[in-house]
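In what comes next, chain A is part of two complexes: it sits with chain B in the first one and with chain C in the second one.
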Partner chain A sequence: MAYVATRGGERAIEQSQRLFREEMGTITAARVAEIRRAMPYLIDRVMGEASLYDEDLAALALAQTGGELYEAVLLLRSWRTTQPRLAVAEPVTQDGLFTHRRISAAFKDIPGGQVLGPTLDYAHRILATEVLSDQDYRPEPVEPAARPSPAQQPSVAAWQAENDLLTAAEPDKTAGNDIPDITREPLLFPSKRAHTLQSLARAETGGVLALGYAAQRGYGQAHPTVNELRLAEGEVMVKHPRGTTFSAGRVKISQAEVVNKKGTQLELGFAATLGWNEVKVIAAATLDLNSEGAPKGSATEEEFFLYHTEGVESSGFCIHFKLPHYVTFQSSLDAMRDAKKKKAAKIPEPAE
Partner chain B sequence: MSLKSLTKDWEPMSYGFLDASAKREIRRKTLKAIAVPGCQMPYASREVPMARGWGTGGLQISCTLINLQTTVKVIDQGADDSVNAASIRRFLSRVSGAPTTMDTLKADLIQSRHRIPEEKLREDQVLVLQVPNPEPLRPVQPNMSIARQMHADADYGRMWLQLYEQIVRSGRVMQGASYPSLVHGRFVMTPSPIPRWDVSKMHMAKHLTILSAGREKRLHAVPPYTRVEPLVFDDVPYQVEEHQDLTCARSGAKGFFMNEIPQDDGSSTYEVSDSEFGVKTIRKGDGEPVEIGATWYHAGEMTQ
Partner chain C sequence: MPAPQTLADHPHDAMLSILARADGERLKSFAETLIPLLGDIDVLENRTGLVMLPMRDTAQGTNFHLGEVLVSEARIVANGQEAYGMRRGRDLEAAMAMALVDLAVASGIALGGCTDFLDQEAAAQDAADTDCLRRVEATRVEMETF
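For the complex of A and B:
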């Protein structure tokens, strides 16, 4: 009797992939374009977690995986590995962002105004079931405001710093390839500020929310007030080899500042990510706010939340338990059986 | 001469998948790991087209070492025909054009999950072990930065205490696979979850072993001719799995690490875990001219 031929394994792999892909049918450029057009927030979430800003590739990844988000992000991340680094863009600053939405919970009104922008926050969440009986749902047209809000606005934290309510962070002068890069260096603790913010930026939304929510519910010491939540677009300014600086396009960015009273000062938590994803940046900023001095092993400790919100790593590890583990299992069985045997062999001493 | 004649055609990915900067980092970290046996070296660990936890650490080492002359063998749980081993082997040959083999003797590079082959490895062979958790201190200290400090201080007291507690509670050390071992008398490492049966194969072995954890972004190495000593108390000897008297129901091989196969009647049969070793034993029994290399174990006893 021979062992199972290797071809068996390879054929099984091939057929199982076919089964998965058959369900989705032919992937066309039109389908990819439709996903991109119809699901901008899903595209944003995937691009943020993949740390790769390309709406077409994100839509393709979603089409190819049938919307299996972890798989889609992994596809994009591993594609990213193969791409050369052509240039490092200039840093974008809060007050330079082309802002679509900017709200503050800390003040009734803020310099630049509360700009509601696109949101479902105050919508009644009712399904448009008429669509299913062939009645199209047509959104009401937007009526432009008489006075457009300014495209660029300062951050709320800047105003607070001016008024001695918080100590603004020192601007980091590191530039270009010297900026620590989490995709090219290991994450070590205590982590570099750039690594922390980059890890949060590409963290898995659900993971960040779970731990951020734990902190908000009371497992963190700091209670966040949303100082500012901003959905914006940032200009990607790069230098041409000829020396001229030009915009390579705009990317959607979301960012959150949350503050908490600490003695006579406010302490600030910050997070930003590619794409518009409000839940993620508020939760991430809450974790950032709580991380200083957090006890080792608590959900708000940097090492704890950065490791456990890394979606590609956590989802990969979770599904790896499907792989055969019969060698390690056999090894454990051996120790268990031997211990049992030893226990049985111990004859109780007779009472005197 | 034109610029075109000096450049290569555009390709969607680099040779061996990883780009030059990723490979350079891994080579540097591997050299460092060889220089400090058993010490975990952090590395960036790029994403590869497989899920984390599925051999991405081993894969990055293999992708870095591979060239057209490298004959590759990939095993999972000792088996070449395991689906994930087949998938990794296919990927490696696809991105490098390297030939593959199932024969341990013919392989230059062996990527393995959870096993070291039963035939002895030579000085010209490299074993790459996939590691899920590179940190032997994890059960006593889940925090990576504290554990790193403990390694720096060679602070292994809690490790010893854990083994002692197991003996007191259960009458023996209950560690199954990944038995903590002291490398070159300095660093305690987890030898990836290979069974206790395989740990002694690393001790003063002729081959280089590279252990790489992609998800945890750490790699460590056991250079050739390096001491690898399982942590044991003087009066409680190291105990490998009691497989020395088991016989493979398929090949008749005896005294090697076995897979236990539960039977309908409540009993168990066994088959040798190193699948290609089993295949070769069967073929030799059928009178085919098959070369079987020297094994680490003889009649169920470790020889070295």
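For the complex of A and C:
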């Protein structure tokens, strides 16, 4: 591929950026706070794809880019590189999650029961157009139960293992900086499982959905059933210099297990991400479930889906085609003209 | 260096977790009252940074990185004690306030006031969790098979 250096666009570039930013107007702390307050699921999606958990920064990135999600995620990924890594927290485990939503499509009577949590799954999708005529939309308040739901819920997979439906997973002893990390190591194939799950956690939602949906529609080998879906909060457990382990706060986490029958046992696919984004984790868990033995170049092969769902790389590659390709394109035109000339030379002129 | 003290009602791990989740403005106001009692303080670190957050996969048991969490950190020394604060978010003053309370307790200063503050914050956090979980419980599905 060849590029050509050009000049003369400096003023145009400056003005084009002004034109983009002028449309958004003045960005204030109040606007950022309102975006954070009013759009928690968008904030979650951006934090998950940026792989950086901070609601204020995510809201600021959205304000600064006018909601252009690829730009917002890129801003956050870039900002992240300016920060030192202070620690690696203890691994979050499923049974320690402060659970807001927990459902299973595989078993209705799971230990601990099913709580729907915040969802529009069963809602009528009706646009509240009256708001545009100055009639405020006020949601009905929740009627809290007399007693609280248990904060921690048992694992469905552990219960299945006890009932010989699947083989219980051996807990990984890897901890701290020994956990493979794609922000510091290249993604190589066959991928380490830790790399696969980390890549899916930070993958672009639309990309994961497209490929996961392809697998669900029949382009994969295994049909998923949601074994357990959780929207929860996890504690960020860090160490005091005196050695005391404590929670530096909670972060929102989504986690999905999908299940399929394999011989006499069940097999699980798994995915999780920062923030609440259940479409992404169900689709990603479907890809995980289908990846073993997937044909090369298929949507469910790990190299295919991991490379193509990395949002910063894929959107960056896509938009690079807008940049001047004058030499390559001119070369193609030259080749076309040459081919035409040669073709014309071979055809004899009709006799006069 | 004298052995660091702890509170009878709030072990060190519980105290730090309560402070990390405490209301930032209330924490800063309380820590202000401790400063005159603590003498000369050396600030070793007061910065933002990232904490890598791993999770354990339930299918194969693998630990993997979910992503990074922005935190604020403060590390201070006084009275022969090292104290520490780390909280989620980018509020450097709140992290410093947490470290000041940690320092006061380790140094055996204003233990009564620290206990009262922690009691109040713990109660507020428990109440918020209970309120949240009562609202979650309202969405429990009572399965009925036809």
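The rule is short, and it goes like this: the second predicted complex is superposed on the first by the 321 of 352 C-alpha atoms of A that agree within 3 Å, B and C clash if a C-alpha of one lies under 4 Å from a C-alpha of the other, contacts with A are read in each partner's own complex, and residues count from 1 in each chain.
Here is the rule we go by: a contact is a pair of C-beta atoms (placed from the backbone, for glycine too) under 8 Å apart; a residue touches a chain by one contact, two chains touch by 3 or more.
This one's a predicted model, so the numbers in the text were calculated from it and none came from an experiment.
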Give one of first, second, both or neither to describe whether A:L57 is in contact with chain B, with chain C, with both, or with none.
second
Looking at A:H308, would you say it contacts chain B, chain C, both, or neither? Reply first, second, both or neither.
neither
With both complexes superposed on chain A, which partner does A:R80 reach: first (chain B), second (chain C), both or neither?
both
Applying the touch criterion given at the start, work out whether A:R21 contacts chain B, chain C, both or neither, answering first, second, both or neither.
neither
Touching A:Y326, do we find chain B (first), chain C (second), both, or neither?
first
In the superposed model, does chain B or chain C contact more residues of chain A?
C
A:G297 in the overlay: touching chain B, chain C, both, or neither? Say first, second, both or neither.
first
I'd like to know which partner A:V142 touches here: chain B for first, chain C for second, both or neither.
second
Mind sorting out which residues of chain A both chain B and chain C touch, each in its own complex?
80, 84, 183
Give every residue of chain B touching chain A within the complex, in rising order.
12-14, 17-19, 21-22, 25, 42-54, 56, 76-87, 90, 102, 113-115, 132, 142-146, 170-178, 193-197, 215, 217-218, 239, 241-243, 250, 257-260, 273, 275, 278-279, 282
Complex contacts: residues of chain A adjacent to chain B
1-6, 8-10, 12-13, 74-75, 77-78, 80-82, 84, 183-190, 296-297, 303, 307, 312-313, 315-320, 323-336, 338-339, 342-343, 346
Spell out the residues on chain A that touch chain C in their complex, using ranges where they run on.
47-48, 50-54, 56-57, 80, 83-94, 98-101, 108-109, 113-118, 142-151, 155, 157, 169-172, 174-175, 179-183, 193-198, 201-202, 234-236, 238, 240-242, 244-251, 253, 255, 257, 268-270, 272-274, 288
Of all residues in chain C, those that touch chain A in their complex
4, 12-14, 16-17, 20-21, 47-71, 73, 75, 82, 84, 86-90, 102, 129-141, 143, 145
